[in-house]
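The following pair of complexes shares a single chain, chain A, combined with chain B in the former and chain C in the latter.
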Partner chain A sequence: MTTNEYTIALAGNPNTGKSTLFNLLTGLRQHTGNWPGKTVVHAEGFFTYKDKQYKIIDLPGTYSLYSNSADEEVARDFIIFEKPDVTIVVLDATALERNLNLALQVLEMTNRVIVCVNLMDEAKKKGIRIDIAKLAKKLGVPVVPISARNEEGIDELLDTIDLMIRGAIQTKPIVIPYSRSIEEKIAKLLPLVKEIVGDKYPARWIALRLLDGDTSLLDALKQENHHSFKEVARYASNRSAKSV
Partner chain B sequence: MAPTKFDRLSEAEPGERFRIEKLDIEGTMKRRLLDLGFVPGCEVTVLQKSPLGDPTAYKVSNTTIALRIEESSNIYGERIRDDNE
Partner chain C sequence: MRVTVPPNPFDHLMKYAQTLSNGDTREQIVSAIFRTSQEICNETVTYTKPSKQYETERLDRIVTSKLWGFPIMLAMLAVVIYLTIAGANIPSSMLANFFGWIEGYLTFAFEKLHAPDWLYGILVLGLYRGTAWVVSVMLPPMAIFFPIFALLENYGYLPRVAFNMDRLFKKSGAHGKQSLTMAMGFGCNAAAIMSTRIIESPRERMLAILTNNFVPCNGRWPTLILLASLFMAAGYTGGWKTFVTAGVVVAMVLFGIVVTLTVSWVLSKTALRGVPTHYTLELPPYRRPKIWDTIVRATLDKSVYVLKRAVAVAAPAGVLTWILANIHIGNTTVLAYIAHSLDPFAHQLGLDGYILMAFILGLPANEIVLPILLMGYLSTGALTEVDSLHDLKQIFLDHGWTWLTALNMMLFSLLHYPCGTTLINIYKETKSKKWTFIAFALPTGIAIAVTFLTTHIIQWLGLI
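Presenting the complex of A and B:
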């Protein structure tokens, strides 16, 4: 029997119940260690749903993917280079404003995203109401409300994962518009970036990172054997916005 | 805009609220502060100072974050005293 294993990445801010969800999905079928060469905990687990095998990676909890701490680099590199079949962004329903920062960053990187609003029970207690359908419409990806602690919403989440793997869900992640001067620079960089990375990486996102002067991403890309990338880097560094 | 018109976040006392106007910080630290919620237009509450006066804890969009004076003295905005209301 040939088994196809699908990879799921779990991203989210610290204290959003990401690991509760991870434990719930994998039970004891998990192991932890460190990411190669980093003192950042790597946790992966396995589960089966509707005859499909899944490997799920619990990424480090971060507020962002751009501040370039070891945690954030691990999470960023996994999403960009390992290209998980689905990335689940876990949000804290009681602090959506803060949590959506990371969600928007992930949506710029990949369109295979499911947003999972956790701690719905907590939000209810605090009198916070969340219009899930509207959120899904605005973000352009499925949004599933859950309470990992009470094991609520997990079936819907698993079904959504299954549908996305089968290609039954078309997503259209929100495209964040930037100021005119930045958009003009993106437009100039895009063809060059596309020429070099092709469809391998999200070109608009790479252009944005270059404009931001993200040297850590450049280093990571070079390690992935993109020698020609230096060309674009040189171009970008001549044109990069001083402060965005 | 000249930052001198504004107060520094580091000047705000525990219990006060503060509306952020501008971050006079560059690079990854600026990025980090923005990611943590210290965004222009947003209101933070000063919770308490540590025993030696630094760092200070702030409430920012529902989470407690402590900053050192190095950072908080470069965050400019408006102190909102309760007697202003």
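Presenting the complex of A and C:
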């Protein structure tokens, strides 16, 4: 058994069965309910699979990660700053389109993502068919169909996690095409962002947040980087000042 | 533009980004994401039973309609409480009988062993009898109420409640999502305080925090249900009695909601002034809960949890109250002394010193208020064996209770300060001693004012 412990984050809209999956994986009994906003602070649990230790974090269920509220910030900060080894985005199969919005946002932030389509049993009953293989191809990350409350598809999910941890899965997350004016602005910002954050954070995503005027992210970044960026600060800021 | 000592590279980047950005950047970003989601779904999802897609919508049109929304909500609440009261009576009596039967053997054993009187007093009359009462009056209603409530929650009805209430909250100047946090308060106020994080604006969040405890939580449902069933339908028999009792509890809940809205309204016009922000409330699809799972889990987790807290405190409290009741200062016992010193104030509120003492000592958790009260009463010489619920009422009657006392205790329980855990959470969430104190003082003030007025108006009208 290795002493390494891997971190997994569970993200998803409210009410997609994230907590049910969390309980299933960890054997814990966090309260679950058909109830938006139930998990507001993240819950932590542990499990072992194939001799690997995992710490799993159930993030608050949110519709977006644009720091509209405290719970969205909690989820966003965790993915950006804690850098989980794998982020599982749980989607509701019966409302895939609405749920995908969050998945796309996560895919902009990290490429270590597994998309988990939950409530497959419910979808089947409602006559909803999802082409999982095609969805995986479109998104550029593994997609696993499950039914958490019937405990279906969990083995495949665990195997996929294991493969991703071992580096056996190459992902190529979809790049969301924005309008031409936005893309032009991104192109202008991108080199400057890369200069400051390097590979530490997803540059395109940060550029988008800057354009969006997300000051809360900015504050979080500043705190995070207070030490590591002191040296480059002067140079970089002169650069950006010049280009203004 | 030149800055000599830059504080942080990000600030400049942000400024630069702002010059690039125009007003509708967010909209453009969001619509690009929506479009992408839509495109992906068009290629990957097919619908074979189109009519099934709209089941939730059809049901919602009824349960959230302007005409039927509220009547259905009230009927649901009434049915749940009716079932609880009607169903809890018999198991409660059976438990009480069972504990009484055991007590006989315990007494016999203590006599056989020639145990000293004080030991018998502490262990049997204090610890055992108090705990037995708590278990028999609190366990059955909880074992019925919590599972039904959990079924409704898992089915997805609670967000509909929130949806119906939403308009009222907006009118009172609060955030519509407060209806969600309020609904959560019916389970546990401490958890509901955490759930106010879903409200974005600090002003509206504070409103939700300050008014959350006006709806009864797990710890207070048993008190309300028990007192209502003992005192509020005295003139009725059989099915009507249960019906009236349920009506009284429903009225209590409604009153709590009215207070929530009124306090929100007043605060949003004074200390927390502002306009409610716009938002959309998402209604999750209805889902058939796993029925047995839900029932078993609700019973085991919630009922046992609440009972454990009650017993954990009731047991030592039983010993402590017994000791206090048996240490004399002059002619009177310490317990009686404390209770009597609270009496004058308590009487103004239509309560007595023991009730007030129970509320004060019950600050850590609402579950233990009733146990402490019973311990206090049992220790004053009115030594009733645990036999039947009729005896329980006799304990209260022996201490001068009327229906007005019961009503006031219910009102005080509904309105008074949040429990210790909730206060700690309020402090953690607001990080402000001032607001935590207000969250304590405001409900307490309202509880005192309401019970004071109720008592004096009813006495003045000569209704008692």
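Points worth noting:
The rule we apply is simple: the second predicted complex is superposed on the first by the 209 of 244 C-alpha atoms of A that agree within 3 Å, B and C clash if a C-alpha of one lies under 4 Å from a C-alpha of the other, contacts with A are read in each partner's own complex, and residues count from 1 in each chain.
Methods note: a contact is a pair of C-beta atoms (placed from the backbone, for glycine too) under 8 Å apart; a residue touches a chain by one contact, two chains touch by 3 or more.
Bear in mind that the values here come from a model prediction, so they are computed numbers and not experimental data.
By the touch criterion defined above, A:18 lies against neither chain B nor chain C after alignment on the C-alpha atoms of chain A.
By the touch criterion defined above, A:112 reaches neither chain B nor chain C.
When the shared chain is aligned, chain C comes close enough to touch A:210, but chain B does not. When the two complexes are overlaid on their common chain A, residue A:76 makes contact with neither chain B nor chain C.
Once the two complexes are laid over each other on the shared chain, residue contacts for A:94 go to chain B and to chain C alike. Within the superposed three-chain model, A:68 lies in touch with chain B and with chain C [touch as defined at top]. Here chain B and chain C are compared by how many residues of chain A each touches, and C touches more.
Looking at chain A, you'll find residues 63-64, 66, 68, 94-95, 97-98, 101, 243 touch chain B in one structure and chain C in the other. Against chain A, the residues of chain C that register as touching in their complex are 1-3, 6, 8-21, 25-26, 28-30, 32-34, 36-38, 40-41, 43-50, 52-53, 55, 150, 153-156, 158-159, 177, 180-181, 184, 194-195, 197-200, 282, 284-287, 289-290, 297, 301.
In the complex of the two chains, the chain B residues touching chain A come out as 26, 28, 30-32, 35-37, 60-63. Within the complex, the chain A residues that touch chain B are 63-64, 66-68, 94-95, 97-98, 101, 243. Taken in their complex, chain A has these residues touching chain C: 14-15, 29, 31-38, 40-41, 60, 63-64, 66, 68-71, 94-98, 100-101, 104-105, 122, 125-131, 134-135, 138-139, 149, 174, 176-179, 181-182, 185, 188-189, 192-193, 196, 207-208, 210-213, 215, 218, 221-222, 225, 229, 232-234, 236-238, 240-241, 243-244.
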